[in-house]
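Data first, discussion second: the structure below is written as structure tokens.
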Amino acid sequence: MADIKVENLHKEFGAGADRVVALNDVNLEIGGHVFVSVVGASGCGKSTLLNILSGIETPTNGSVTITQAGHPARAGYVFQAARLLPWRTVMDNLLFVQTDRSEETRRRCQHYLDMVQLGDKAKKYPGELSGGMQQRVGIARAFSTEPDVLFMDEPFSHLDAITARSLRTELHQMWQETGKTVVFVTHDVSEAVELSNRILVFAKGGHLTEDIPMNLPFPRDSSDPDVALAKAEVFRIFEKIGALAVR
Amino acid sequence: MSTAVAPTTSPPRRASQAELARKAQRRDRIKAWGWRLAGYLFFLSLWEFSSGRLMDETLLPGPTAVFATFGELWQSGKVPGAFATTLTRIGIGFLLAFVVGVLVGMLMQNRWLSGFFKDAVTIGVTTPGLIWALITAIIFGNREAGPLLAIVLTTFAVITVNVSEGIKSLPKDLIDMAKSFGVGVLKRNRHIVIPHLAPFIFTGVRFGFSIAWKVTVLTEVFSSSSGIGFEMRTATQLFRLPEFLTWILAFYILALFLEKVVLEAIERRFFGWRTTLKA
Amino acid sequence: MTSTSPISPTRAPSLTRALKSPLSGRLTFPLVCLGVWLLTIQAVTTIWPFAVDVLPTPWQVAGFMWDEITGNTLAPQNMYETFWISLQRLGAGMAIAMVVGGVIGLAMGLSKSVNAFFNDWIVAILAMPNLAWALFCSLAFGFGDTGPIVAVVLTGVPFVVINVREGVRNAPTDLYDMARAFGVPRERAIRHVLIPSLMPFLFAAGRYAFALGWKGLVVAEVFGGQDGAGWTIKFWYDAHRAYGVIGYALLFVIFALFFEKFLFDRLSRRFFRWRPSANATAEDPAPTDQQRTPQHG
């Protein structure tokens, strides 16, 4: 469980005619065992936000601090495409991001592979797995470092609906069991409403425009009228700010 | 690299962004050209410096000496004749190789024939041109058939490989689409098949040409009594090394021009859509 | 098709299938070559006696090759010795070419300025005929090992440069970002991301450098050697033994095929086990890529 503090965050790419403002003066605080969804149309800076939070990119202006009880927090990342090393086995992919290779670390990696039901695939190469399995390896890798905070960038958008659905359930259980802070980027409102405690809405130009709490109890079933109502409500907000290409 | 551009003549505060971008682009281009020129300068002076210092001047004449020798050769009047002979040989040999290459590439769509020609193509690609030059030289002596056969044997495989690759990747979906709209065979060929195959064939031509001219010169060294290769052989026999180097360099520059400038310009002009599609 | 004849119900269709298979075509090819060869000899002796200087028979060539393979030769060294000498030169030249080309290619891939500096000269060296290198090296370094080795280096370097540059340009930035997000230390990222991602390009470079360097070496040995495989074929040529030249040429083909099929294909399958299509690509004839490569120049 980490505390994330984002102050006056500003990010631009390119210069001159190619200049793009990806994030425009974003202020944000996230803390505790929460599942925060970041939604918005494509190109409004969601990935950039995660990349800055995880240290892949540096901000043009402003600051980001992520702490865990006063210390710098450890982070895990699940990407849109699994981003596995194709030339390493599944187990070696998990070991790649560990700080050591002790017997205990291996056991931990195996444990998380078991958790995503890939315990028997440890010796396979990513190319031998289906897209859904690869993404599950990506999830296991993110959990296997036992991070304080987990970043996820549209992790299910490349998968077919059925696989995505079962992975969502799996992920959510893991989140509840392990008690991490999750920042989850998606462009899918239903997904956001079903999974999260809080929804951040970004609009074109990198503005953080809405911060919506979601206090329905988990697990949320999509046929539950309360959930459907919440979705309708979020959609209405979107239409108001014109932020979204509705699915 | 400090290109001596004094503190940028600060434009009136609101120079449009597009202009700034264009400026940045131009700066990049100028910088690349600068490095390119530096490369030319460096290698040419390295060559000039080596001649007479690192290596005997008669063994390695510098660029200026080569240029002077070319002037002398031109005066002697041998140059146009030798060039014409060799270019004709390349032209005929390459045409034959092209016909054979395309034919084999088309025939290889048949499963049995693909097996039949498989080893022929592999041998054609892997065997050094020199081997064919020696074999044809010893069998045919100084008859014209020798160099031509050598060119065909070294070059056809490259063209075959490209043609059959093109045929293999024919856009089935587009052809099916055309069929579903009731487009006839001729029209389909004209608008789908030929535009698809043309770049592949052209690539084959480009690579084929770069192989063909080298083999031609090589066969001339062994067996011809005219052409660039023959002149090179005569020069080495008389130990006129600058002359030898000048012959090969002069022809090399011509071939490079044909290969890199003419053929690539044609390719860009006619098959430009291919690269823009990729980008 | 479903003939239910009680006697060997599958034999007839499977026989026609075998006859129509690419394998039968492949086996037919040498037979047709042999036939064409014999017919040509027939035609030359009866119709056009002056069409050729000399045309050896297949039996002469086969006899020659048998003698060579059994180590019984009239040349100063038997084929095992000559090919071994050439192979050593090829190996040395390739090793140098890989190092030099690797460094230049890396620098060219990383910096636009370095690329502009070298690019045209790499293209020029690539387009230079082997003959020019061979003659130049034999003149510059005399008759010995140095000339042929330098010729191999000069033929091989541009291929290595082009492939390594391509590898650097295709660096998997998404994987670097991943490593960064997980805080993976730099040297581990180099070892597990950068180097493996360059491997296919280095391998391709080695493969082309080998094939092309071999051709360059042969020419260099013909013009500037005193031993080695290239020199020996020239020996038969100068001795005016046509069957010797053809027989030796066939040994060259066998040698090249051996390395292509048995060495590089095996190595590639071993190295790139992780590639789901590794086996499929190994089946493809290497020339496709090989011909493709100069395009990048």
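Think of it as A, B and C in the order they're written, each chain with its own count starting at 1.
One rule holds for everything that comes next: contacts are C-beta pairs under 8 Å (C-beta built on N, C-alpha and C of every residue); 3 or more make two chains touch, one makes a residue touch a chain.
Only a predicted model underlies this, so the values are computations on that prediction, with no experimental measurement involved.
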Chain contact graph, described as a line, ring, star, complete graph or other shape: complete
Between A-B and B-C, the pair with more C-beta contacts: B-C
Intercentroid distance (Cα basis), chain C paired with chain A, Å: 49
Centroid distance [mean C-alpha coordinates] between chain C and chain B, Å: 20
Distance between chain centroids, defined by C-alpha means - chain A, chain B (Å): 51
Of all residues in chain C, those that touch chain B in their complex: 20-26, 28-30, 32, 51-55, 112-114, 116-121, 123-124, 127-132, 135-136, 139-140, 211, 214-215, 218-219, 222, 230, 233-234, 237, 240, 242, 245-246, 249, 252-253, 256-257, 260, 285-288, 290-291, 294-295
Contacting residues of chain A [partner chain C, same complex]: 51, 54-56, 74-77, 79, 81, 83, 85-88, 96-97, 125-128, 141, 145, 151
Complex contacts: residues of chain B adjacent to chain C: 1, 28, 31-36, 38-40, 42-43, 55, 59-60, 111-123, 125-131, 134-135, 137-141, 143, 145, 157-158, 161-162, 165, 203-204, 207, 210, 213-214, 217-218, 221, 236, 241, 244-245, 248-249, 252, 255-256, 259-260
Chain B - residues contacting chain A, complex: 17-21, 24
Complex interface listing, chain A residues touching chain B: 15-19
